[in-house]
Amino acid sequence: MRPSGRAADQLRPVSFVTGFTKHAEGSCLVRFGDTHVLCNATVEERVPPFLRNTGKGWVTAEYGMLPRATHGRSPREAARGKQSGRTQEIQRLIGRSLRAVTDLERLGERQIVLDCDVLQADGGTRTAAITGAWVALALATDALVARGLLPKSPLVEPVAAVSCGVCGEAAVLDLDYAEDSTAKADANFVLAASGGIVEVQATAEDRPIPRATLRALEDLAVAGVGELFRLQREALGRG
Amino acid sequence: MRPSGRAADQLRPVSFVTGFTKHAEGSCLVRFGDTHVLCNATVEERVPPFLRNTGKGWVTAEYGMLPRATHGRSPREAARGKQSGRTQEIQRLIGRSLRAVTDLERLGERQIVLDCDVLQADGGTRTAAITGAWVALALATDALVARGLLPKSPLVEPVAAVSCGVCGEAAVLDLDYAEDSTAKADANFVLAASGGIVEVQATAEDRPIPRATLRALEDLAVAGVGELFRLQREALGRG
Amino acid sequence: MRPSGRAADQLRPVSFVTGFTKHAEGSCLVRFGDTHVLCNATVEERVPPFLRNTGKGWVTAEYGMLPRATHGRSPREAARGKQSGRTQEIQRLIGRSLRAVTDLERLGERQIVLDCDVLQADGGTRTAAITGAWVALALATDALVARGLLPKSPLVEPVAAVSCGVCGEAAVLDLDYAEDSTAKADANFVLAASGGIVEVQATAEDRPIPRATLRALEDLAVAGVGELFRLQREALGRG
Amino acid sequence: MRPSGRAADQLRPVSFVTGFTKHAEGSCLVRFGDTHVLCNATVEERVPPFLRNTGKGWVTAEYGMLPRATHGRSPREAARGKQSGRTQEIQRLIGRSLRAVTDLERLGERQIVLDCDVLQADGGTRTAAITGAWVALALATDALVARGLLPKSPLVEPVAAVSCGVCGEAAVLDLDYAEDSTAKADANFVLAASGGIVEVQATAEDRPIPRATLRALEDLAVAGVGELFRLQREALGRG
Amino acid sequence: MRPSGRAADQLRPVSFVTGFTKHAEGSCLVRFGDTHVLCNATVEERVPPFLRNTGKGWVTAEYGMLPRATHGRSPREAARGKQSGRTQEIQRLIGRSLRAVTDLERLGERQIVLDCDVLQADGGTRTAAITGAWVALALATDALVARGLLPKSPLVEPVAAVSCGVCGEAAVLDLDYAEDSTAKADANFVLAASGGIVEVQATAEDRPIPRATLRALEDLAVAGVGELFRLQREALGRG
Amino acid sequence: MRPSGRAADQLRPVSFVTGFTKHAEGSCLVRFGDTHVLCNATVEERVPPFLRNTGKGWVTAEYGMLPRATHGRSPREAARGKQSGRTQEIQRLIGRSLRAVTDLERLGERQIVLDCDVLQADGGTRTAAITGAWVALALATDALVARGLLPKSPLVEPVAAVSCGVCGEAAVLDLDYAEDSTAKADANFVLAASGGIVEVQATAEDRPIPRATLRALEDLAVAGVGELFRLQREALGRG
C-alpha cells in the first residue's frame, strides 16, 4: 500500500492552470498533487552568441525553488550567491528535454526561456516542471504563430515527464516526497508523445538494481505518461 | 483621471489568501490589484549569534521577484550570484517594519523568517509584501500560541503599508506600475494600526517637492491604510 | 542634556576641506564632528548603456567605510567579496539625492561618479556624505565650465542632508553615534537649498511614533540645514 | 566504420597506472584511449555535519578539467569563480556511483574524497573517472585494512562505467570525442560487477529515440564493461 | 635629471601623522611625497584557528586603495566582488614584513590587524604602507604595554621599506609614479633597523638586468632607509 | 646534511617530458624531484583589450594545484569560488618572467597562455613552473615559426628559475618541502640564460638576514641554473 493510497500505476491528481501570471508570453501553473510549479515562457528576439547569424533559435530553462516550498526552509540561492548543483542539473535537463521536441530552425533566430519556479514541493518537481514547461512553451509559440511571426509552430510533438521508483518491493509511478525519500531506486523518464525516449535518468539509491527492474519502471512510465499528454492537450484547448 | 480609472484616494482591489502553501508555519498570498506576493513565515528555534542567550527573539525577511513577474524578464538573482541593492533595501525594510510591532522578548529565543516572493508585479511590491507578511507572521505566531509554545501573541499591533505619489499634478494613493514609472514623487508609508508611523520613505523623482506635498501624501496614506487593516483582520478571521 | 552638550537644534562643528586629494576632478573632505568622509568626484566621458545616444548624462555614487573607521573593526567589504545591504542602500541614496538637483541634459553625455569613503565614523555618515559629495560635484562641474566643456553649470541648486532623532523624549538635530545607537526614532532629511524635500527616510527604531513627532523632526532639519548651505557656499568660495 | 576503426562493441585501449602521485592514500591515472583522468583518494577522519555521531562514513567526489585538456582552451573554473553546471553534475554522479557499492557503516565515521582531474580529454571523461576512481578508492580502503584501521574492506563490489551512443545508424560502445560530438543519442551506464545497474543517463541529442535503441545501448554496455572489471582487478593485483 | 628634480639617492619628503583617526589602537597617516597611506592598527583578543592554544599571537595586514587615489578612477574592489592579485600580493608582503620584526610569543595570544588604505597614490604605495604600518603597530603595542597588558614591547626592531629602480640609465631611490611607470627595473627593499634584509622583490620590467645593477639598487636602499628609521623614531617621540 | 642527502649546491633530478598532452600547442611535464608540474601553452589569435590594434602580443600564465598534489588535501579553488592570494602571486610571477624574455612585437597580435598545473608538490612549484613553462612556450612559438606564421622566434633567450634558502646554518640550492618548511630564509631567482636577473623574491622567514647571506644564495642560484638551461635545450632537441 502506498502512503497516499494510490495504485502502483496511478498518477497523483494533475492539473494545469494556464495564464497564471499575466506578463509572460506563456504561463502555466502545473500541479502534480502537492507539487506546484509555476512555468513562465519568455520570448526574446535574440539568441546566445554561438547561434548568432545561424538562423536557428534556442530554448533554455531556469529552475528555482522558493525557500519555503519544502518541509523545512532551504536557504535562498540568491542570498547564498550561487545555484546548487542540483538546481543546475535540473534546469539543464528541462532545457534539453524541450529542445528535443523543438525544431530550432523553424523557431528562427529567437530564444525562449522557461522559468520553472517551485511554489510548493512534494516530490517530482523536475518531472512536473518539464511537463508544465512544455505547456507554457506551446502557449508562447502558438502566440508567435497567431501574431504572424511564425508560419507554423516549431514544436514537433509534446513532451512530458514522470518519475518511477522502487518502494519497498514494488515498482510505483509518480513518487511523492514520502516515497521519494525512502525509495531503493528512482528513475525520471522524459518521453515524447510519439512514444520515443527523450531522456532517462535512473539511479540506484541503495544497492545496484537488476536490469529487469529498470524495465519495469520504464513500462510504468510509458503507460502513465499518456494521461499527462491528454491533460496537456486539454489545457491547451486541443482536447 | 488615473490610468486605472480609480479615484485619487482609492486602493486597488486588495485580497489575502491564507494557507496558500502548506509547509510554512504561516502562508499568505496578498494581492494589491495585479501585484501578487507570496508571503511565507518560517519559525526557527534559533536566533542570530548576537541574540544568543539574551532570551530575545528576532523577526527578519527576505524578498525576491520571480524573473518573469515583470513586463520584461529580469535576470534571476540566484543565477547572477547576488541580490541587487534594491532587493536588499526592500528586505531590510520589511524586517524593520515587522520588528517595530513585535515584542521580541515575548517571542522568546526563536527567529521568524518572512519570505516575500513576488509572483507578479504591477507596482507597490514592497508595500504589498509588508502588508501580507504581517498576516503570515500573525498566522505563525497564533499557531505558536495555539500549540502552547507562547502564552500570548508577541504581536503588539498590526502593521500595513501603502504607497502614494504625485502623478501629473495630483496626489494619488496606491500607485500601479503605469503611475509609478511616471510619478514626480513617490512615498512609501508603513503605518501601525494605532495610528503611529513605523517608516516613511519619500523620494522626489524629478525635482525637490514642497513640504506641503509630503503632508498631502501622508494624509492619503493614513486614510487609505484603514481599509488594509480591516482586510487583514478579516483574513485572520478576526472580522 | 545631549552627551555632547549641544543644544537640541545644534549641529556638530562642520567643515569642508576642498582639494583633499589631487587626482579627482572634485575632492572634498567633509567633517560633521568626528564623522569624516572623503568625497571624490570623477568625470567620465561615457554613460551607462541605458543612456547611450540620449544626450543625457548621469550622476552616481559609491560609498565605503574604512575597516577601522568605527569603534570596533568591521570586515573589509572587498575581502568579504560583497557590499552589504546597508552600503548599497546608502550609495543609492547619495546618487538619487545628487541627481535630484542636477540637470542631466545640461550635463551632456558624460557620467560623474562620487566616491564617498568614510575615514572616521561617529554617526550620520550618509548625511555627511551627501553634503560633502555635493561640494565635490560642484567643484567638478565648475571645472567643466571653466574648461569650456559646458556652457553653464548643470547643478540646479545645492543639496544637503542632516539627521534628526528622538533621544530620550527630545527631538534633536544631527545625531552622533552615542545618540544614534539609542534613539527611539531616526530620520534622514535630504533638502534642497530652495526649501524643497529631496528625500525623507524616517524609521521608528522601537515602537511606532506619532505623526506630530515626524513633523518636529522635519522642522529641526529644515532649520538646521541652512547652516550647511552657508558652509557649502563658503567652501566653494561663493561666500 | 568508426573514425577510430574500432568495431561497434570495442572499447578504446584502457589502462590504469596506480600510484601515479605519491601523497594520496590511493592514486590512479586511468586512460580510455586519449582520455586521461587522474583519480586521487583522500581519507579524512571526519564526516560531513549530517553524519556526525552516526557511526557512518561518506564517499564523495570532485571533478575538474585542466584548461587545456580539450581541443581549444576552456576557461579555468577557479579563475571564473565557480564550477559549471556540467562539472557539478559529473562530480555528483561519481560520488553517487561509488557510494552505491560502498558499505558506509563498515567504513566508519570517516570520509573519502575522490579528486578526478582530467589531464587530457577525448570523450567519455565521466565514465573513465568513475572507473578509475573506484580503483583509487580500492587502494585507499585496502590501505585502511592493511593498517588495521578497518577489519574488512567496505567495498561491496567493483563499479565501472562506459558510454554508448548512436552514431550514424549504429549503436557503438565507448564514444570518443569525434563520435560524441555527432551522436544522435548518448548514454552513460554505471554498472556493478555483479551485473546490477547503478545509474543510467540516456539522452536523445537530436530527436526522441525508440525504446529498442536504449535496449541495444544497454546490451553493448553490459557486454563491454566486463573488460573494465578485468582490468581493474589486474591493476589492483587481484588478477 | 629626475622628473621631480631630486638627486638619485634622495627620498621624497616623508612625514607621519600619528593619531589621524581616533578609534584605532594605533593610527598613522604616512606620506611619501604625494603618496598618502592611512595605516590603522586594530588589536583583537583572538588569533586565527591555527594558533589557538599555542600562546602565540599574530600580525596581519589588509591593503586597499580608494577608487580615486589614482590618476584615473579604478573600480572599487568591494563592488567588483574581489580583491585583485596585486592587492593580495601587497597585503601579504606587509604582513610578512611586520611579523619578521615581531616576537609573536611575547605578543601573546592576540592578533593585530594593520589596515593600510591608500588615500592618494603617486608610486611606492607598498613601501609607504610598510613604513607607516610599523608606526601604527608600535603605537598599538606601546599602548598594550602602557595599559599593563604586556610587560614589554613585542617589537624586536623597526622595519621600513623603500623602492629603487633603473630610470633611463640611472639607479634612483624612491620612485614616484612618473618614474615607476617607465622604469627598466624596479625593486622593493624591506629592511630592518639593524641592517638585515627582511624582503627583496626585484623585477626586470623590460629585459633581464645585470647582477651589478641589483647591487647598486640595494646600496641605494640601504642608504636611504636610514632617514625613514629616523623619522619613525621622531613620529613616536623617541627622537 | 640535507634531508635528501644532496650537496648544498646540488639540484634535484630534473626532467622534462615534452608532448605530455596532445591538444596544447606546446606541452611539457617538468619534474624537479617529486615536484611535477604540467605546463601547457595555448596560442590564441587575440590579445587583451589594452593591446588591441597595437601590433603587439602578450604572454600570460595561470597556475593551479590539484587538491591532492600536497601532503594533506587542499580545498579545490574552483569549489571555493576564488583563487588564493598565493596562486595569484605565482601566476603573475610566471607571466612576468616569460614576458621578460619575449619580444612581444615580434610575436604579433596574438596571446600565448601558459597553464601550469601542479600534479604533485614537494617544494619549489613556482620555480619548476617557470622553467617548464618556458619549454612549453618554446614548443608553441617554434610551431608558429614552422607553420610560417612567424618569420622568427619571438623568444629572446631562455629563462629558468630555482629556489635557494638557509637551512640550519647552510645556504642550499633547490629546496624540497622538508627544507622549505623549516628554512630561515627563502629566495626564488628567475634568471636568463645570458646571465641577467629577471626577478628575485627573497624573504626572511624568521628574523632579518645579513646582506652577505642574500649574496650567497644568489651565487648558488646563478651556478645551479646552468644545468637547467642545459636540460631545457636537450628537451627541445637543441642539445
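The chains carry the letters A, B, C, D, E and F, assigned in the order they are written, with residues numbered from 1 in each.
The criterion applied here is as follows: a residue touches a chain if its C-beta (ideal position, glycine included) is under 8 Å from a C-beta of that chain, and two chains touch if they have at least 3 such contacts.
From a predicted model like this one, the values you see are computed outputs, not experimental measurements.
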Shared chain contacts [chain A and chain F, defined touch]: D
Interface residue identity across copies chain A, chain B - same or different by half: same
Repeat of the E-F interface, chosen from B-C, C-E or A-B (over half of contact pairs identical by residue number): B-C
Chain at maximum distance from chain C, centres defined as averaged CA atoms: D
Centroid distance [mean C-alpha coordinates] between chain C and chain A, Å: 51
Centre distance in Å when chain A and chain D are each reduced to the mean of their C-alpha atoms: 28
Junction residues of chain D - those touching two or more other chains: 81-83
Round-the-ring chain order [start: chain D; next: chain F]: D, F, E, C, B, A
In the complex, chain F residues that touch chain E: 82-86, 88-89, 91-92, 96, 100-101, 156-157, 187, 191-192, 194-204, 206-211, 213-214, 218, 222
Touching residues (chain side chain E, partner chain C) in the complex: 21-24, 27, 34, 36, 38, 40, 42, 44, 62, 64, 66-73, 76-79, 81-83, 87, 113, 115, 117, 119-120
